[in-house]
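In the two complexes below, chain A is the common chain; its partner is chain B in one and chain C in the other.
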Partner chain A sequence: MTLRRIATVTDLHQYLQVALQLEHATIPPYLTALYSMHPSTNADANRVIRVVAVEEMLHLTLAANLLNAVGGEPDLTVDGFVPVYPCHLPDGEDDFEVGTRAFSPEAIDSFLKIERPAEGENQRFVARKRSHRALLPRVDAHEDDLHFFSIGEFYAEIGDGLHRLYEQHGEALFCGDTARQVGPEYYYSGGGAIVKVTDADSAAAAMRVISEQGEGLGGGIFDEEGELAHYYRFQQLLLGRYYQPGDDAGNPTGPTLDVDWDAVYPIVADADFHHYTEPGELRDAVLAYSASYGDFLARLTEAFRGHPELLLPAVADMFRIKELASQIMRNPMPGRDGMNAAPIFRGLASVGLSSVKVA
Partner chain B sequence: MSVEIDHATAVSTLYDVLVVGSGVSGAIVARSLAERGLHVLVVEAGPGEELSLADYDTYLTRFYGAVAKDNNSAYEVNPNAPMPRSPDVRRLQAGHPDSTGYLIQNGPYEMDSTYTRVLGGTTMHWEGKAMRMLPEDFEMRSRFGQGRDWPIGYDDLEPHYRQAERELGVSADVADQTFYGITFPPGYEFPMHGLPPSYLDTIIARDLDGTVIQLEDTACTVSVRPTAQARNGMPNPAYDGGKGYVPVGAVSTHQVDQGDRCQGNINCVPLCPVQAKYNARKTLSIGLRTGRIDILTQTIASRVHVGEDGQISHIDYQAYGSTSSPDHVTGSLRATKYVLAANPVENARLLLASGLPGSSGLVGRNLMDHAYLLTWATLPEIAGTMRGSQCTSGIEDFRSGGFRSRHAAMRVSIHNDGWSWPTGSPYTDLLELVDDGNVYGETLRRRVVDRISRQLMLSFMIELTPEPSNRITVDGRYTDALGNLRPVLSYSLPEYTMDAVSASRRVSRRLFQRLGAEDQTKYDPLDPGFVAHQGEGYVIRGGNHWSGTHIMGSSSRDSVVDDHQRSWDHENLYLVGSGSMPSIGTSNTTLTLAALSFRTADHIASELTTRPSLTVGA
Partner chain C sequence: MADDALLARRTDADVQAVFLSLSATLTGYSRFRLLGTGQVEPYLVTTRSAVGDDVFGELLSAFAAVERESADDPAACDRALRALVLSDEKLGPIARNLIKMWFVGTWYELPQEWRDRFAAGEQLATHVVSPASYTEGLLWPTIGANPPGAKGQGFGSWVGPPNIETS
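This part shows the complex of A and B:
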């Protein structure tokens, strides 16, 4: 157990910044699968994936509230905030990768792996070599051989750290400007309520939503709020039926669910700048998309730094992002037969970097 | 969420309450009573297989694909439970009734108002304005010598307005809605803050605020105000003494997490794509959690039967399996109390078809609707028209005052959807630019934007007074696919209203002048709804605010229901909805009929729970 536990408020800030990164990292894969479906097809699959993506956005906002509450500075614009897909999950599993891919059984399979329930009780720390594709960045820069948590255990450590620091500092731990807290006036549609974090109780409430929403309860398929765990929501798409209360894992008995794996644009997997070296409209569109996404992350950063009202125009940003992504996906890729283009979720800075890389 | 039971079970059950109609009034009565422990059956003539999002999405898909996007275009043609549709309306020839559509137009004036016969009723196409009536609207006879007084006043209804604002999820700010006598209890807040005014609204307000317009002896000072709306906005944490409010999003059998906030789509009518706008399915789905509401769809209440004691003994139904076949089964349903909540036209039609015109003979009479005069112009600047929601502000200053003893009051809506109602914009604009303008590509895009984003449409919603000659009747010559008598409409616009139509046109010319806008209003004598008055012609459109056919009063001699919407003739029968309203003023009727539904639910509950002989359920 070489990983440094949370001992100082600075450690906690680092962990929570990583939490922001982690919650965000699953969003581009989910959005890519969503946007790759032909318009007005796959209604059921669209809803299932959309709801999970929206819950990850809630978790992202809750992580920002927690970080702000303890005096940190959320930053969604730092270099490397968005992983380069494909990448491994941070819990050390290297049997699969997460990527930005078209809606397909294989994509759903990787979503199942992202959301798979924890297997054992004593897997708190997993000793693994850090993969260069790991999603979680270094938590302790002084360690050469870092070890990684599962997502659930990562949050358990934050919970414990919060508790320890609270015992040391008392309510002084929550020294952040309360005006930075995002409340229900600015965040909505998250499959659960947004929580303003101002003290130990509200911090615990926020932690519960982040770490437990979408996790099955005691191995069951529904969580504490009666919501179906994310893993089983995705599994419905492969099994072709909805779960209903009373069902056992693996055997849903609800209404059938329409999935049309063919009503999907055949987009390039894990699109990156090297796919778009040819100058032209497509490259311009992809670069513009990446820049828009960067603007969007910059807007969120500003919103999380004392301007929660900016989340209102950010909603319009999301409509724009969706529209631009759909436009790109309708285009075939020059020189790659039967393959359509796909957007890159990076940012302005990365566009600049990429031209170096490309050259 | 299983909402349907089979007809055999329903037939063998003695319900506490049978509700005919699943629209807003029926849903509110059903939910209120079920939550107080009563067993309720709701029958709906139209389809609506389950309260799922998939069902709603089929409506959206049909609407998106429809060529004529009228307010019922989202719903399939259903000969078994037909509904009026505005494209069916033709210019009438004197003395020749038109039976083209479901509604027989007997004239002299043709009317293009509609209602919707599906699960959720006409809230499946309404726009979502949720306005209280003015206190003076309840006293039309005593204050202005026009129309009728209500047997109850604003203060009696005020607590129920608050219930309705909770149920429908109204977004508004008290300061904006306090005008012309409307009052709220101290400290009251709406469930959600007012929705932001559109950019168009701010332009109109900039140029019109402070304009004084004389209506008879009343000087009206124009002030553009945000409109109270039943669509989800920012929850007000101060609501309900600081308890706040959780918006009700899309109705679905599976978690969907959408509709918690209006996204500014412009097709509020007929359907909000995310269900941020209230529809009665929200009320039904919450009510179903009690386990005490049964719903039968595709089940038409075909005849109301009265026993020897004058009470309703049972209601016959016809249940059909498919909208494409008239095959159906019949049976009878029984309950302790019966509530007709099928809308003013269908309530009257059902009673008249059952041979129950009422001892006063007033069932079907005193029919009202709002008369709409649409006026449109081109603004001198880009105003961002076509960004939703449909209407976010209006002018309330022609609704109140001494002029109402001379002519009707009017309310102005500023339409963010531009000329879509009068001209079919933006589709017609596009066709014209392509077919006649021969433009394409970049030029076409620029011309479309330039043209549409400067459109201004002001609608004048004008009140009608109850006239016994405006009425719904039935006639054995006109039946639907299942043999049910179709409604026959006889309708004309009173002088009192037409004088306000002329005044509205004068006002719109003044307002356009102040705005520097180019008046583009044209009324074609060949269009349905064309009426001449004082030497000028107008096209009057219906408002879909059907009212008055079972009018409320203080005596059985001159009204159909009492102030609890109970039939004077049949003690266990309630006729609910805007059909009970003795006046409609200049407020869209939904909030008021919702408030009345809460008041009636209280009354029915007190009747049923104070009777020692009652057995709950069967």
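This part shows the complex of A and C:
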């Protein structure tokens, strides 16, 4: 599959499916860092990362609403939906890698790259040699080394595409079944207000939430609602100080923020099935975790395909997933002194495949 | 005394391994689950400071003997545990305290009769080991509930049946 600039509704569907994949791809790295902290420590860092992770879940749901609104089929179970970490982001940026790692200054540094602000109108694409680790599609079949510079630019292309297609098709663009729209009755208290997408205005509103919460608005560090953009939230952890209104990028002047980089389980980086070849409870737990994560994504897919009420029990699933992740991270890795285990976010199919490989 | 030689001879990792094994046998929860609570180290430190190095060494040695005698036969292990640990006047109350600590996160002061006969120094009073030991109590997964005020399960999750692990 090749992504090209959005010219047709099918192109738009592809982009929005990539948007789902992109929003999801940030969640395992954020959750891994979050759960790697010792309990009752790092209250500030815990809150900062948790808030961003939850907002990514909102963005995922908004992307599903957008895709449904234009008649697409959200699918979180398609092969390769969950990246094998470390990886490049699905929108094609390839100058940095994203992984599932313990909370550390290096991990926060990679989060800053994920959330980096757009550089400006003229830099939507950057020309770089294409990496073999790029998960996804070129931007254009004829321009092999063209990538989006940041998530912001990827969404700017979707915004432009929506606009162009709306001019061609009018309200007929929003032909999706409105019963598939996830509203506040099923998604609440999760990083901001959910927007049902049924027309051009609501589509623009959903897009605004996604792009402003990420990187800030037009170079500012706060968005329209006065919320600090993700990039600057993470930056506070490295600078040891909170931003407050009126601050300039790079110079927070709010209260100090305490980070204890040592109160962290020393978990294996980018855990994968080959780390767990030794039969036993730990391996069983890691496989069970991956399988239940796959079940969870299947449940979300069902929720996004006409059963939004399934999001309510999915919340309980998320708490169980968190609990099992924490248990795994407190267990030492057999044969690797001073290193703890970490969960794998993959799914059922991959568990099957990998069992064959490691057996 | 041969028993406290166990502590002297073994590394911290060995001591922790025997303590973990004893805890798994006493609670019926797997080593993975016990490690997953993050409480192995704090409970080991609590027990050791409550009874002193000598008695703690005797407890671990007695359990090591149980494991040797039963050789992975669960029924033999159960018999040996009752004979060598639980019915022992010195070690039994400690083992029962350990079970309670794992399930509710609280160290209970040892019984008066035990203190009169075996206490070497100041007694460790009844206390919750730490805020985490409350939320990590095995009581909660045993009944398929969440510790009230902690580890939320999600709004409305109480309409579903408890999620009790049976394996």
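The rule is short, and it goes like this: the second predicted complex is superposed on the first by the 328 of 359 C-alpha atoms of A that agree within 3 Å, B and C clash if a C-alpha of one lies under 4 Å from a C-alpha of the other, contacts with A are read in each partner's own complex, and residues count from 1 in each chain.
Quick note on the criterion: a residue touches a chain if its C-beta (ideal position, glycine included) is under 8 Å from a C-beta of that chain, and two chains touch if they have at least 3 such contacts.
Everything numeric in this text was worked out from a predicted model, so none of it was measured.
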Which superposed partner A:Val51 touches (first chain B, second chain C, both, neither): first
Which of chain B and chain C A:Ser40 touches, first, second, both or neither: both
First (chain B), second (chain C), both or neither touched by A:Thr253: neither
Which of chain B and chain C A:Val315 touches, first, second, both or neither: both
Contacts of A:Gln327 with chain B and chain C, given as first, second, both or neither: second
Which of chain B and chain C A:Ala285 touches, first, second, both or neither: second
Contact residues common to both interfaces of chain A (with chain B and with chain C): 40, 189, 315, 319
Touching residues on chain B, where the partner in the complex is chain A: 53-54, 57, 61, 64, 193, 234-235, 237, 244, 246-247, 249, 253-261, 263
List of chain C residues in touch with chain A within their complex: 30-33, 35-38, 130-132, 135, 151-157, 160, 163
Chain C-touching residues of chain A, taken from the complex the two chains share: 38-40, 189, 280-282, 284-285, 312-313, 315-316, 318-320, 323, 326-328, 330-332
Residue ranges of chain A touching chain B (in the complex, touch as defined): 40, 43-44, 47-48, 50-51, 54-55, 183-186, 188-191, 193, 227-228, 242, 255, 315, 319
